[in-house]
Structure formats: structure tokens, C-alpha cells
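Here come two complexes built around chain A, the first alongside chain B, the second alongside chain C.
Let's turn to the complex of A and B:
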């Protein structure tokens, strides 16, 4: 039986997935680089709220603000110190992607090292922390309790999505980001300062992903250094369902995946006795179906595919 | 000419005297150095490999275990020094990421480095993965925490310094039965540890007249909200009175934190094995209050009333500020077993160490109690404590409230 908790879980999980996956699609669309440091932004966000809670700072909005700044700063640092120099030396996107893979592993073990030291300072286990933070209180509606963390998640994701939409559609810098995404060379010729615009885009991506990390921590409630690693396959699946192109389809992908993980598995478990451990399998089944229907990169078609189709049709 | 002869004579005499003085001086000073060098040369340092879950699912306890490992090697060396024994030990710690593949890679790396004794890996599934390599390459594996009954195999290179879950399942079944519960849902990890524990629990609980419904969850996930929702409907549809949770620490804490908000699961009793014991998340007031209110209880392998454990616990708390996590004392003793087995074997050879280990264990009493092994190389005698979470002096703590020993359950205080 699909109960209220499955539906509420789908909403909360879907929104957190959406906030994490949107910036992945955005950064891919602008730079054509799949950035593996995205995993670290999630972990960074989750640990921001967890550690602030440990030291007694339990306001969830402060945690989100701090996570946004930290994630954004880290993304800009990566761009300035690694991606941009590589790009200037003529590296193609594949090399930059491999560099991001290296950065991910480097940061992951750096986080372990830092937490190990913090352990001694805080005298508590920092490698597995239960989130303790406060936002909106829980609300009871007709016998159904809606958790405060769910309300925080709804509010935060609406703010983030709206802000992202307004920045991209209504501001000059948003226009510049879209121009670079469409045609980098043409954008530069038109006088768009590519470096500055990209730094802003990275700041936005890293920051939003880290806020997504906070939202995921509110859902998961237990935070470990593996938190980002554990959900990244789902997040990449969502981005691919969105074709790594369309932000709207990415958002839809988030709810397809969370619905599969909560409602579909519950229905199949009740009806056919499908073991609960088949949950990850179902996610990838959905991904496979979407990719098979819209090859090669899912529902958005994917940039390379779109260009190829257009190119072929011109010939 | 006569002068020349005299000069030559004096020269020879001088040379003889000089040589004598030189020899004497060398014997007095240099000779002494030679003795020290000999002593130093006689001191042999053996490496002990550690394959620990420093990252991945068990990293929350793995990092603490790393501290235990270094503490144990340090204490073992001090002991060797105090006995004037010319042996020293060095820890070589590798991270296995709580995965089977990396655990095997680690044991292979140790083999290449000529290391014959490896402590770890932690999870039963990992021990299973390294078993055939260890057996064929004569590497002694001492796991402080693998408890799956399926790995109780005689005459192999796998030793386990903890009792098999076949025994713990019995203790847990007795506890649940004692609490007057007749029907439970067993919610367990779908790995070697969880599956075996759940099967044995079901068998034991049904032998006592109870009924157990099994429900597994994929252990490698980030979050278990969806599984907890299904568990809730299962409990409702089956009319179960309690849940028996077979988990590690982080997954267990996650499951409990979701269950606390579930209208069905928050109202029934919960029981668990040792996997979650010591997790700091359970002591945070938001979760601890609920666990206290439902009389959450679990079993864990301990050696009852052991002063050496108290000593170990105190030392560990001084070092880290936290309680020693589950199986720490077993790991601590495993290092001593490894060290003394190497000393007893008289040679750093896998087969000789393997043969020496049971004899050493038979005479070893440490922080984890008497380490005597059975014919499968697993700990032969294991008592279990009944633990719960209670407020002590205004703070939530893990408290042992009873024991299960020799087939009988005794409560020492009220839950």
C-alpha cells in the first residue's frame, strides 16, 4: 500500500534531488564538462549543517547561507586553479573532466583528514553525525504530520529555483551565461567577458549544489563523508534524464527518480513481493528506458545529439 | 749501524706497545659499541597489516579503530620491552573503504610486502572475499568483528576474535521472547552478516514459539526512508509487535531517525544486535528520547565484569573523548594475539603463526576477556550483554542492563 509517508518522502527527496541536479545540468550546458567535484559540494553542504548543529548553531537558514558561500567559493577555486588553466592550454573537455575526477578524490580524502582532526578538537565522532538544526516547526494537517524539515525543503527549493530562473532569464549576466552555453566563440567575439561570467556560473552551481547538500542532509539526517558519493549515481541519472540540457526536464527527472525510489518500489513490493533491495536497480531501469527512447542522452536529447541532428539536417 | 739497530728495536717496541694500547682501547670503547649493535641487531621488527574501513560505510567506527590499532601496537611494544624480549611490531594500516574488492587488494598488497599477519577486515562479506587468497598464500587473517556463522570453517587461515552470530541470535531471541513479544519483523542488511543473523534469529525465535517475518534492505544506499515506509506497512499488515533491526551503525541510525517520525513504527518496541551499539547519533537527544521511551534494547558480545575492559575503555576515552566503538576491545586483543603468535612461532611464517595462534589464544586474557578459540578458529566462549539507552546524570548513555550467559538471561537493572 502506498501511504502518506511514501508520498511525502517522494516530495522531499525529489526536491532535494532537483536542487542538487539543476546546477550539474547548468554547468554541463555552459562548459560541456561533467564536473565530478559536484559530489564534494553535496558533502560540503551536508557537513556545514551537521557541524554547525554540533557546535550549537542550529538555524537551518544560516547553514544554507554558509553552505552556499562555501560551495560557491570551492567551485570558483576549482575553476581558477584547475579548469581555466587547463582550458587555456588547449585541453579538451575530456581532460578537464578527468581533472575534476582527480579533484573529487583529492577533496574526499581531504575531508576525511579534516574530520579526523576535528574529532580531536570537538571530542565527538565527526565521521557520522546526526543532523540537529531548526527551521519551520512540524505541522499537523488532518491527522497527517508534515515534518518541519520537509517545509524547509519546499521553501528553500522554491527560492533556489526561482532565483536561478530570474538570474538566467532576467539579468544581463544570465543572458551572458546563456550566450556562452549556446556558442562560446560567438559570445566572446560579441565582447562577453568569458572568464568572469564562467566564474559567476561556477559560483552559482557550487553554491546551489551545496544548498542541495543541506537539503539532502535534512532528508537523510545522518551525515557521513560518503553522503555525496552515495547519491551521485541517482543525481547523474536525473541529469541524464534531463538530457544534461534542459533545466525543466532535469526537475522532472528528479521526481521520476524519487517516485521510482519511493512509490514504485512500494507498489511492486506489495503486489509482487519484489525485494526492497531492488531500489537502485529500478532507478537504473528507468534511466535505461529513457535513454533508449531518446538516445543518446535522455529526454533533453543532449547537446552533442542536438548539434549532430541539426548538422545532418542541414546537409 | 749500532744506532740504527737500536732505533729499529725502539721502533718495533713502540709499535708493539702502541698496538697493545690501541687494542686495549678498542676493546674498551669500540668493543662496547659492538655489543650494543649486536643487541640492536637482535631486536627484530615484525610488520602487522591492518585492513580497516577508514572510508566507506563503516568509516565512522573505522577511524576510531585506527586509533585502537596504533594504541595496541604501542602497548604491545612496551610489553615486549618490559619483558626484555627482542621483538618489536609495526602497524601497516590500509584503508579498505568497507568494500570487498579493496579488502582483497589490501591483503594482496600485504602479501607482496611479505606481511604474514593481517588484522581485519571488518565485515563478514569482506572476510569471505579475502579467504581464498589468504588460505592459498598462507596469510593469517584475524578479524575482530566478523560474526557471520557461515564463515565458521575449520583449519583455514581465518581467525575471528568474536563469537559467531549463531550464539548472539539465540541471546537476542531469548531477550525478545522474555519481553513477551510473539511476532516480529526482522529488518536486516542484505549482506553476509545481516542475512545469516536474520536466518539464525528466525530459527531461534520460532523454536521459542514466536513468529518472525523477514524483510531485507540494500545495505549500500544513502538513505532508507523508502525502506522504512515499506517496513511500516509490513508491520501493520502482519500485525507485528516489534522490529528486530540487524544493521551497522550509520544505516541503523538513519533507519531509526526515520522510524521515530513514523506513526506505526514509533509506537512499537525495537530490538537490535551489536552493529549499532556505540553509534554517537543514537545519543543525540532528539533520537535518544524516543529510544528511551520505547525501551529500545539490544545484545552485544562482551566478557562480563572484566576489569581489563574498564582499563582499556578509560584509556581510550582519555585519548579520543568518546566511548570505544563496538568491537574495539576485540581489535585491541587481536593485536596482542598476533604479536604473541609470531613470538611463539619463532619464525615469521604464515603456517607456523597459524599453528601457534590457537595455543596463544588459549592462554590469553585481555580487554575482550578470554580469547580461547574453537575448532573453527572463532572465539569459543562469548557472553552477551543486554544494552539500552538511558539517561545517566542528565546525559543519554549506552547502559548494560543485563547479561546472557550459558543460555540464561539475567537482568541486573530495570530498563
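Let's turn to the complex of A and C:
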């Protein structure tokens, strides 16, 4: 039965997905690299809020700020240490993507190893932590209880997307980022300091993704080291729906995927008895349908095959 | 001597499995430039296909009508002396061979089909769609009751288990696996040095140029995907018969990147390098397991985490400092090249 809880879940999940997927699209548009370390930003954000709660710092806004700084720092570190040297040597974007993949695997098991030791110190038995944090209180509206975490999610995602919009559209550095996304060589010739602007962009996208991780932890309420990996499929599907090009379409994609995962599955469950565990299946179907309907997508990077439709002019 | 044979028997099949996987990935990424992030899907298809086929046919041979994953099925199959694996040796070997053929065809066909929606988009999309496909297959298997859902299928053994002597049967299996690896290697070498292999390199270097020269790029790519996916299916069959069981959670996406690390370390675009990478990683894995057994919990980083951290670091460091790998790609061996050299030499 599609009830109020499904709709509220769709909203909360969709907003969290949006905050996670927006920076992925942003960083892809600027650098043409699909960054697999994105998954680590999510895990990092989720553990930031969980561990801060564990040591008694239960303010969700402080957690988000800390997650933003940590995620941003990690992203800048990756860029300076790995992506930038590879790019300067003239590596293919595919190679940079595979390098980000290696980084993802390395960080993931580094997190495992660190938590393993940390939790011996903290005397907990498992690697999973229950999120314990405080933001807005829960509100009761006409018999419907709206969870405090949902209100936090709404406020945080509105702040993040508004800030991202303002930075990209109203500031000098935002203009520089857009210039690099459109044409790197031309941007550099015009005197835009590519390295510094890219570092800023990575800081922004890593930080926002980590904030998204906090929101995702609020939705899941339990944090495990696999929390980021569990939603790779969904996040990449969202980014593909956005064509890895348009931030607005990415936001729409977030709600399409979260609607599929909550409302569509509930309807199918009622009508045909489809098990609820088939969620990822539906997401994959959405991904395939999107790829089949709009073959080259926004940023397909495909080739002039005969079935490729003529591209609308870029902006 | 005993211990060396024991080591070889347990290591060779694993080496053969990963060798086949890395050669097949090398065909895709090293020679054609297609990023396949979902190799594990085709590996899993081969493994599940062979397990389901063998167990169901063996059960019907002994007249048992029980679910494939039940304890009764395991007992009917693998009880020493009276189990189906021991009483029907010819059927077991026949099913092993049949699984190899079928797995090649089915995994290849699935690979061929999946290229239809994905090859028209860029390389990154291909990789991510296949990655999603692999995850989807795993999730499906986790929830699919007739094939044992999360527990998977049990009760198989290597196809020569009826010989009675475990050293002999395992040794024979190791030799068969090595033979398959050799066949795959020779085939891959001949394939990439053929005219079609030259087309592959052309596509890798410049797709547009290859298109303009009249090569049907999507069809060539789909062909390579068929062959490479089929090879992964064969590796999956070997895994089923080596392990004696299949579980859905063996086939996590990270397994694909394990194979990627082998290819990158060995050298993209060199089959011998892919084999070398597979040997290095499987040996390191053995050494880590051995060290963990020796040192126990005093090891600072648990070996399972250390193994994957090494995999990740190797990918990053090799790409940064030696992108061509241990064995760089070589020019293609072709009679035309010899003719050209002769011609040039003649003119002085």
C-alpha cells in the first residue's frame, strides 16, 4: 500500500540522493572523469556523524560541517596526488577513472582497517554504528509525524543546492569553473588558473558528497563500512539520467530513482507480489531504459554512429 | 616435495582461473579499449550455470527429486562411495565438458546482448552499465530461491573425484585447468595477431579513424565482448568445480577490479603480461594467507584488508609511475610487417 511513509521516504531519500549525485555530475562535467572515490566521500560523511555521536557530540550541523571539511580535504588530496599528475602527463580520462577506482578500493579497506583498530579501543563489537545525533525535533501535523531527521535533510539539501547554485552562477570562481567545464584550453589561455580552480571544485564536490553521506546516514540510521558501496548503482544511475551533464536533470533523476525504490516497488509489491528486495533490479531497469531511449545522452562522449541523433548545441 | 605438489595443486587452478579472466579482460581493455567494470557478471553466469546444470542432472540420474540446495541433495551427491559423484563418473566428466561449452556460449551471448544498448554511448557508460548488470545479477541470485538464495549451491567436487585418490583427482583437475588456460592464451595470441586483431588496435587508438576506414566498429566491439565474456564464463565453470560450491556473495564488484589490477600490473595490451599479473597477485594472496596463519592476530592489518589495499595501491601506483606495466605492449606479429621489412631492406 502506498502510504504517507512511502511518500516521506521518497522525499528524504531523493534529497539525500540529490546531494550525493550533484557533485558527481559537477566533477564529471569539469574534468570528464567519473570519480569512484565519490563512494568513499559518502562513507566518510556517514562515519563522521556516527562517530561524533558515539563520543557525545550530538549536533547534526557540526557533524555536517566536519564532514564537509573532511570530504573536501580528501578530494583535494586525491586531485593533487593522483589526478593532476596523471592529467599533466596526458593520460586518457579512462586511465584517470581507473586510477580513481584503485583509490576507492584502497580507501575502502583502509577505512575497514582503521575502524577495526578504533573499535577495539572504543570497545564495540561490530563495525556498524547506530546514528545518534540531534537536529530539529520531530513535528506532528494532523496525525502525521514528520521525523526530525527529515526536516534536517530538507534544510541541509536546500542550503547545499542553493549555495552550489550561487557559487556557480554568481561568483568569479564559479564562472571560472564553468569556463573550464566548457573548454579547458580556452579557459587557460584566458588566464584562468586551472590548477587552483580545479582544487576548489574538488573541495566543493568532495565536501558536498560527504554532507550527502551524513544525510544518507540519517536516512539509514545504521552506518556500516559498506554504506557507500550499497548505493553506487543508484548514484551512478542518477548521474546517467542527468546525462552527467545537467545539474537540474541530475536532481530530477534523484527523485525518479527514489520514487522507483519506494513507490513503484510498493505498487508492484501490492499488485504482483514482487519481493521488496528486488529494488536494485528496478533501478537497473530505469538505467537501461534511459540509455536505450536517449542513446548518446548529454555527455555520452560517443561517436558519430549513424544512429546518433544530432546534438543540441551546448548551451 | 610433498608440500610443493600440494601447493601446486591448490594454486594452479586459481592461477588458471584468474589467468583466463585477465586474458579476457586484456582483450577488452588492452587491445580494444573497452572498459569492462562488470567482468564478474559473466564469471558468475558461468559458475551458476555449471553448478545448476551439474547438480540437477546428477540428482535426476540417482532418481532424487529434492531442491538443488537442500541437505538431501548434498548427501545424494557427495557421500563417499555411494554419492552420485562417485557412482556416475562418465556423466560427471561429460557434464563438466558440457558446462564449459554451454558457459562459453551463454555468457558470450549475454555479453553480446548487453553491448547493444551500451556501445553507442561512451566508454564510461559501458563500464558503469556492465557494473550495474553484475550487481543486479548478484542481487537476483541472493533472492532467487530455487538456486539457494544467499546460501548458494553446495555438494559439488572436482570432476575427477571418483578416482578416490584426492591427490590424483585434484592434480588431474589442476592439469585440465592449466590446459584450458594454455588454450585460451594461444587462442588470444592468435586472435590479436590476426587481421581482426589489427582492427582492434586501430579501434583502441582512434575509433573515428577506424570508422572512416570502413570498419564496423560496433560489430567488432560486440564480437570481442562475446569472446571475452565467454572466456570469463569458462573461468566461472572452473571456479565451481574447484570450490565445489557457488555463493552469490563471491561475485562482488571488487573481484572485477582484482582482475583489473592484474592486467594493469602485467601490462595492458600484452597477453603474457596479463598472465604474469595473475601469477603475481595469486601468489601474493597465498603469501598473505600463509603469513596470517603464521602470525595470527598480531598482524597489524588483517590480511583480508591488506590484500585489497595492495590491489588498490598497485592500480594507482602502476598507472602513475609505469603505465605500460611490467611487459609493455608489443607491435603485432604479421606477415605483412615482415614483407615490409624485407622490401625496405632490399632497397637499402
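Brief remarks on what is shown
The working rule: the second predicted complex is superposed on the first by the 294 of 315 C-alpha atoms of A that agree within 3 Å, B and C clash if a C-alpha of one lies under 4 Å from a C-alpha of the other, contacts with A are read in each partner's own complex, and residues count from 1 in each chain.
In the analysis below, contacts are C-beta pairs under 8 Å (C-beta built on N, C-alpha and C of every residue); 3 or more make two chains touch, one makes a residue touch a chain.
Computed from a predicted structure; not experimentally measured.
Once both complexes are superposed on chain A, the partners chain B and chain C clash. Look at A:85: by the touch rule set out above, it reaches chain C but stays clear of chain B.
Of the two partner chains placed around the shared chain by superposition, neither chain B nor chain C is touched by A:141. In the superposition on chain A, contact is made by A:266 with chain B only, not with chain C. Of the two partner chains placed around the shared chain by superposition, chain B is the only one that A:220 touches, whereas chain C remains out of contact. In the superposition on chain A, A:55 makes contact with neither chain B nor chain C. Contacts of A:277 after superposition: both chain B and chain C are touched. Within the superposed three-chain model, A:116 lies in touch with chain B and with chain C [touch as defined at top].
Shared-chain residue A:189: touches no atom of chain B or chain C. Comparing the listed stretches 44-52, 188-196, 224-232 or 242-250 of chain C against chain B after superposition, the clashing one is 242-250. On chain A, the patch touched by chain B and the patch touched by chain C overlap at residues 108-109, 112, 116, 275, 277-278, 280. If you check the complex, the residues on chain B that touch chain A are 54-57, 59-60, 63-64, 190, 215-218, 220-223, 225-230, 232-233, 237, 249-250, 253-254, 257-258, 261-263, 279-281, 284, 286-287, 320-322, 325. Those residues of chain A whose C-beta lies close enough to touch chain C in the complex are 34, 82, 85-86, 91, 93-95, 97-99, 101-110, 112-113, 116, 229, 232-233, 236-237, 240, 244, 275, 277-278, 280-281, 283-284, 287-288, 291-292, 295-297, 299-305, 307-308. Of all residues in chain C, only 33, 35, 37, 117-118, 120-125, 127-129, 131-133, 135-136, 139-140, 142-143, 207-208, 211, 217-218, 253-254, 257, 260-261, 264, 301-302, 305-306, 308-309, 311-316, 319-320, 323 touch chain A in the complex they form.
Those residues of chain A that touch chain B in the complex are listed here as 1, 3, 5-6, 9, 13, 108-109, 112, 115-116, 119-120, 123-125, 127-130, 132, 145, 147, 219-222, 224-227, 230-231, 261-262, 265-266, 269-270, 275-280.
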